[in-house]
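The first chain written gets the first letter, and so on, giving A, B and C; residue counts start at 1 in each chain.
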Amino acid sequence: MSDRRRPNRREPFDHFARESRHVLVFEPFGNRAGFLCARARELRAVQLEIAAVLALRLERSGVKDGLCLVNAMHITASVFINDDEPGLHADYKRWLEWLAPYDASPERYHHNRTGEDNGDAHHKRQVMGREIVAAITAGKLDFGPWEQIFYGEFDGRRAKRVLVKVIGE
Amino acid sequence: MSDRRRPNRREPFDHFARESRHVLVFEPFGNRAGFLCARARELRAVQLEIAAVLALRLERSGVKDGLCLVNAMHITASVFINDDEPGLHADYKRWLEWLAPYDASPERYHHNRTGEDNGDAHHKRQVMGREIVAAITAGKLDFGPWEQIFYGEFDGRRAKRVLVKVIGE
Amino acid sequence: MSDRRRPNRREPFDHFARESRHVLVFEPFGNRAGFLCARARELRAVQLEIAAVLALRLERSGVKDGLCLVNAMHITASVFINDDEPGLHADYKRWLEWLAPYDASPERYHHNRTGEDNGDAHHKRQVMGREIVAAITAGKLDFGPWEQIFYGEFDGRRAKRVLVKVIGE
């Protein structure tokens, strides 16, 4: 897991790249995100990446009928399913900031006595959830018409990983 | 998936009916629900329907040991496990309205700039969750004494589907 | 499931003890917890116990590749994954008390008209979640560097159970 910064070019798929085993490795986003990779464009890119890797893995695994787990491997991030609509993601950002405001001081979040400033991110992650479990039917994700998988980043300073696990027959 | 309205008779199992593959199709509830199918009686009916379909599917699948996924296929709805107590469901309704009030305007929810008025529903769904995963042991759902599966509807205007997936041996 | 109180000695593993099938039985904590077994020390003990039982079960089951479900079997409790940091657990306690304050009266929580006083606990549980699903790879939990499984207790007066289910090959 490299910690080096990527160049500031922000093409989709550019700021995260490598796949190892069943884990997607996202390069550090380069600054504190506040919410959801800070920008809808990046969020959208991560969503496309997860969808692409999932499709590839389903094909490779040959699983036709089973379950798929997708989870954040870090405790200040979420994997969740909702609408691919930038206005909604902006709403989530504001809402989560109301529910658990960013505050680096150790007064609001005792967790920040450890030297961290991401106490808020641990709370936001609980609201949005760690993982999703989806059904696989006929070799495809069995999704409703608007379901899309997103990765929510609430801290943003370290390389992060998303685990994708497929089981079944 | 039919969009026609059902008659206003509200016997249990009456306002939703069809099963296709491993998916329960709920007819539209006919008006904006606000929360949880608007009325405890309907909520209870949906809960009974899910339980009945689950039992039937477990029997048909012959799975004795495995996992069961139940998820909303729509992004303004939830499947969750809690107590079958109407007072609690009324509490949830009020609490979710405090956490994410219904507001059709695009000022509170940018999502509503799309012409939708259900920005709040996308937030309520995150608090209550999309899915449950339950253990199957000896051919039955391995539940604690008070665990019941509910479908939470926060929008209420379209036909909705709940996916039930059983895997194991 | 015994309801007798344990002596007040609070060594790790002391206030809960028995394992039956794939279920951990926790003895009653002896007083209303408010949150998370009331004390970080107990929370930590429960976390160690879950981790120990999971490791044992993975070894016994021989499963090398699969999924693991860990869920609270009671509807005023949670199983969740986050950081093993006492300051954060204190933050969660305060935050959940803001989101859904303890109030025994039936005015705030209609649920308490039933004679219960744990309406708040049913709300806290929804925020923190009922269950986690984790990947098993090479016979071990496939976790990120800081992921730890916790049991959150929001009522605290009855013996509680945590289910651990392993499936795979």
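In this text, a contact is a pair of C-beta atoms (placed from the backbone, for glycine too) under 8 Å apart; a residue touches a chain by one contact, two chains touch by 3 or more.
Worth saying up front: this structure is predicted, and the values here are computed from it rather than measured.
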Chain-level touch network, classified as line, ring, star, complete or other: complete
Same or different contact residues where chain C meets its copy chain A, judged by the half mark: different
Where chain A and chain C are represented by their mean Cα positions, the distance between them in whole Å: 25
Sites on chain B at which at least two other chains make contact: 67, 99, 127, 129, 133, 167
Parts of chain A lying in touch with chain B, wherever the complex brings them together: 65-67, 80-83, 85, 87-88, 90-92, 95, 99, 127-129, 132-135, 137, 142-147, 167-168
Residues on chain A engaged by chain C in the complex (per definition of touch): 21-22, 67, 69, 71-75, 99-100, 109-114, 119, 122-123, 125-127, 129-131, 133, 161, 163, 165, 167
